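In what comes next, chain A is part of two complexes: it sits with chain B in the first one and with chain C in the second one.
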Partner chain A sequence: MNPYVLSILLMGLGLGTTVTFASSHWLLAWMGLEMNTLAILPLMAQHHHPRAVEAATKYFLIQSAAAATILFASSTNAWLSGQWDIQHITHPLPTVMITIALSLKLGLAPLHAWLPEVVQGLDLTTGLVLSTWQKLAPFALLLQISPEIPLLITSLGLISMLAGGWGGLNHTQLRKVLAYSSVAHLGWMMVVMQFSTSLTALALLMYVIMTTSAFLTFKLLKSTDMNSLAMSWAKTPSVTALAPMMLLSLGGLPPLSGFLPKWLIIQELTKQELGLVATVAALSALLSLFFYLRVCYCLTFTSSPNNLAGVAPWRLESKQISLPLATSTSLSILLLPISPAILSLTLPLF
Partner chain B sequence: MSLPKMTRLLSRRPLVSIQQQQLPPSTLVPGRTLIQSEYRRPGKPRDNEPPWQKIKFDLSKGLEGVKKHFTLLKNELTGRWVGPEGKPIIEHMLEQNRVVWEFRGPESLQQWTLSSDREIGGQSEIYMELGRNSTTCLLYGTLCSTPPRDGETRYSGYCTARSKQPLASFDRKKHHDWSSFNCLHLRIRGDGRPWMVNIATETYFSHQKDDIYNYFMYTRGGPYWQDVKIPFSKFFLTHRGRIQDDQHPLWLDKINTIGFTLGDNADGPFQLEIDFIGVCKDYAHTEEFAYEKYKRNPEV
Partner chain C sequence: MLMILTPTMMLLPMIWLSSSAHLWASVLAHSMTIALVSLSWLCLPMEAGWSSLNSFIATDPLSTPLLVLTCWLLPLMILASQNHMAKEPINRQRVYISLLTSLQIFLILAFGATEMIMFYVMFEATLIPTLIIITRWGNQTERLNAGIYFLFYTLAGSLPLLVALLVLQNSTGSLSFLTTQFSPPLQLHTEASKIWWAGCLLAFLVKMPLYGAHLWLPKAHVEAPIAGSMILAAVLLKLGGYGMMRIIIILDPLTKQLSYPFIILALWGVVMTGSICLRQTDLKSLIAYSSVSHMGLVAAGILIQTPWGFTGALILMIAHGLTSSALFCLANTNYERTHSRTMLLARGLQMVLPLLATWWFLFTLANLALPPLPNLMGELMIISSLFNWSNWTLLLTGAGTLITASYSLHMFLTTQRGPITSPVLAIEPTHTREHLLMILHLLPLLLLILKPALIWGWAL
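The block that comes next holds the complex of A and B.
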């Protein structure tokens, strides 16, 4: 893509999220969300492959529908309560509508059906942007309105965890697996939102780090399905050794970083006397862990001298910058021992 | 001083006469058949029966349908516990060959649809039947490139056999997932004619419904069977038979149908015997896409 056009689109993405973060008026927040949507569409369709164009179209339709619902709900709230302030949305009807619209934007179950197909049609870089950056703005809005509708938020969270776990079970396409992983992680963030917004933010931060590591790993290995992933030992053995750690961190296993948000969330839910919710959450993590383990298996236990699963790769030097991958992989593996420091840094912020 | 001459406007009469011109009956389209998918084969009488009158209620057929669909649903749900596509993951990963269509009984012919230019008024014919010992499929017929006499078609002469879309329970669309493979493997015995293999993938927009990926298949004639392996990287994108400038590799995760087309402009009988159609993984084939993607309007 033309570097000027690319820079304008990336600035548009950044500006959209920043505008939504900084807004206290619903219309400004809506505008930020629309800027985000419109800026990413050319990035999604840049390769002009029919599947990429399909993904861009589906994304546009979904996000537009959600944005229209947000606009309608905020107008209804302004009509009923006389104000446009984001944090003062009190009437249940617009609150529920906005929550559902933001869930559609994020890809929370039961409104997640679009996410795997859209991520599957994109290249890995754009999929990374979609799974990480595009979640920030709607989340910022949800954090502000969550105290009003705790039951709905908790239900959406639980359903997302289960749908994300079960949905990702039988896929061999890595992008779809990561899409369902996104749904499951969003569920974890939602379930604790009403009790501790700082834990939600921490979970979101950890999710962004781990997902970035996953996408960059698959991009370096040029793998989009499990068979091509099985040949990664021949491409970069060091990444092949570290990638299972990163995937198990996504699955929430100690002593890796991904355990931190899950542990704290279960602890918070237990303190709030929601033992059943905590149990269901912990059990749903097993479903997600199964497909992460399956990807780890394909990555590591199918190497030579077993029968090869994929075609022999060309051993070309990769031009991908290694710093983001190295940083995100290190952070996604090694952060658990410094969790008190992380908590003391993040808790006061949100 | 005389006034300037006003140019005379055309009288309404020629316009009126154009409107009142009698159009031939075949071009008069009733309002109901303006839907794109409804196609009336030339020569077939127009069907004006409303859809609710075409349903034939039959209890045994209904029960058979219920049994078939619920069995398929049960298999889908139980297969989910085993692995992707009902097979364990290790089997999915180590699979090197898969036979997708083989012709071992009359029911295998039901998975195919035949078509020729007879639908547009031509004279080609194509038939499909089981070969010797019911182990192969024989496609035979006659190709005739005489164009139909409708005043607008200039070229004709094609015959094609296309597989039907696979369906899951309750007639939901299913797709073939060939992402573990990279070659199409056919065992055929032809008569020396060049055929074209057409693969149709799942599309989204209605204007993409005629997007097909094609490649050539040259038969060698003779009594010996021919193993044809065509890498999927060689398939090029066409729309309604026209090769597109903007080429894309074939994505193998959602294949709908495969077809064989004969249109070599050589009038006369033809035969093609197919033993099986399968996919295989050639470990030495690393090409991702055989064609360069040229920019249509490159910057100078």
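The block that comes next holds the complex of A and C.
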């Protein structure tokens, strides 16, 4: 893509999220969300592949519907309470509408059906931006309004965890697997939001780090489905050795850092006397763990000539800068021992 | 504690920086040194108190025998793996030994933990290196399924444990082992308390394994390479027993009523898995099911919560760890020569490998709990305390002892005595390394005859 166009689009993306972060008026927040949507659309469709254009179209329609709902809900709130302040939504009707609209923007179940096909249509870099950067602005709004409707929030969270776990089980395309993993992690973030917004932010931060590592690993290995992961051990033995650790961290296994948000969220839920929700949440993590483990099997634990289903892709020299991959993989494996430090950094902020 | 932990952690740089000629010898020498130094834990003050105490790690008479067993096992695993890893590229050998060492580090931290969440994190952390050893270095295609069964059975049991521990932390404020024996009894009157009780124990019962949840064990033990089988049989099962012994102190008085079905399952499992052993054709599978059988006795001994029960359970855990690991090493000597686990393929080995037959004989006798070995001491104490708890258990435990003797003898006679089958004629003679491995398993067992008080625990 033309570098000037690319820089304008990336600046638009950055500006949109920043505007939403900085706003206290609903219209300005809505404007930031729309800027994000519009800036990413050319990035999605840049390859002019039919699936990419279809993904861009679906993304546009979904996000516009969600943004229109936000506009409608904030107007309703302005009518009912006389002001446009983001933190002062008190009436339940606009609160519910905005929560559902933001869930549609994020891809929380049961409003998650668009996410796998959209992520599948994109290349890995744009998929990374969609899964990480585009989640920040809606979460900023959700954390500020902190909706106090326990039934809605808990059911959004639990259904997302279960839908993300079960939905990802039968896929071989890695982008779809990562989309369902995104749904499941968003469920974990939602379920604790009414009790501790800082834990939601911590879960979001850990999710961003681990997903960045996952997308960058698959980009380095130039593979988008499980069969083409098979010969990675010959191309990059070190990445092949560390990627299962990163994937198991996404699954939430101790002693990797992915365990930290799950542990703290279960602790908060048990403090709030929601032991059953905590147990269901913990067991639903096993569903997602199965498909992460399957990717690990294809990648590292079986190797030629034992893996007959694998194909050998072209071994072209990779010009990818390795620093983001190295940083995100190290962080996604090693952060658990310093959890008190991480907590002291995130808890006062939110 | 750091005197053992830091050298074990420093084994990792040593593995990666050694030259390929010195790798196995240096790791063996250093891990043997660490194992010998760890014996010093056994002579710390044993008066039901904690030693080597700091706020995170400590040892007490319950964890010390298991810690020493863990440290003792690392050089044995390295000895056992040397042959079958020799043909792999050097970096894969380093990864394999690193996995064994990291497993060792997690196990030392698990047995030494004073706080339950630390124990939990280390308990789960041992799953990852074991999973990688089983699925990456196992020899048959069934290893993939074995890894899935292993990971998911254990996790499905231990995630409710995490919730239960956090609920306990909310009500008592602290999860330290140092204070749980002195804390006031919990108010456990509601139905939810019963589910909490089950949540606390389920993880350890699956790990031990209890008979109903034991399906992962034959798969994992059989498909793992020799070091994986050794560490699984000798130590990882004992993590379940150790956890159960630690947490059952808090679970009174619910345990008196709620433990009935689990004791029955455990004892029935002794008889059932013993009977399955009599029909096995796969040698490693036979030893795996015999592990389930012995662990059923351990589970029953712990659940009745008497001093003799606890002591018997601990002694049986240590003795079974050494015996089972030795039997897996013997089965591996067969496997390395014939590349088959079928018992009937390699018969009459006493004529072909007479020196190895001595070890087969001695470890078969250990498996069937021959006096004066500590295996008998453990089994006898558990059977007596179960008889005291209820006279009827003698039917099941007596039948279990009889069946154990039968299948152990069946295993010995099938592999060692009888006609020589033709595949056996061209196998290579025993290596000195294998003899060293066997004597290193047997020597602790024989020495423990002289001072069983070392592995009694604090109950007696």
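Note that the second predicted complex is superposed on the first by the 346 of 350 C-alpha atoms of A that agree within 3 Å, B and C clash if a C-alpha of one lies under 4 Å from a C-alpha of the other, contacts with A are read in each partner's own complex, and residues count from 1 in each chain.
Going forward, a contact is a pair of C-beta atoms (placed from the backbone, for glycine too) under 8 Å apart; a residue touches a chain by one contact, two chains touch by 3 or more.
Since we're looking at a predicted model, the values are computed, not measured.
K.L.:
Of the partners chain B and chain C, which touch A:L253 in the superposed model: first, second, both, neither?
P.N.:
A:L253: touches chain C, not chain B.
K.L.:
Is A:L289 touching the first partner chain B, the second partner chain C, both, or neither of them?
P.N.:
A:L289 contacts chain C only, not chain B.
K.L.:
One more residue to check, A:T302. First (chain B), second (chain C), both or neither?
P.N.:
Both partners.
K.L.:
With the two structures laid over each other on chain A, which partner does A:N170 touch: chain B (first), chain C (second), both, or neither?
P.N.:
In the superposed model, A:N170 contacts chain B only, not chain C.
K.L.:
Between chain B and chain C, whom does A:P237 touch in the aligned arrangement: first, second, both, or neither?
P.N.:
second
K.L.:
Residue by residue on chain A, keep only those touching chain B in one complex and chain C in the other, then list them.
P.N.:
297, 302
K.L.:
Flag every residue of chain A that touches chain B in the complex, lowest number first.
P.N.:
Residue list for chain A touching chain B: 48-51, 53-54, 57-58, 120, 169-173, 225-227, 230, 294, 297-298, 302, 307-309, 311-314.
K.L.:
So in the complex, which bits of chain C are touching chain A?
P.N.:
Spelled out, the residues of chain C in touch with chain A are 91, 95, 106, 117, 120-122, 124-125, 127-128, 132, 135-136, 141, 144, 147-148, 151-152, 155-156, 159-160, 162-163, 166-167, 169-170, 192, 196, 199.
K.L.:
What does chain B use to touch chain A in their complex?
P.N.:
That would be residues 80, 83-85, 89, 92-94, 177, 179-180, 182, 201, 203-205, 208, 211, 246, 248, 251, 253, 281-286 of chain B.
K.L.:
Please output the residues of chain A touching chain C within their complex, sorted ascending.
P.N.:
237, 241, 244-245, 248, 253-256, 259, 263, 266-267, 270-271, 275, 278-279, 282-283, 285-286, 289-290, 293, 297, 300-303, 306, 336
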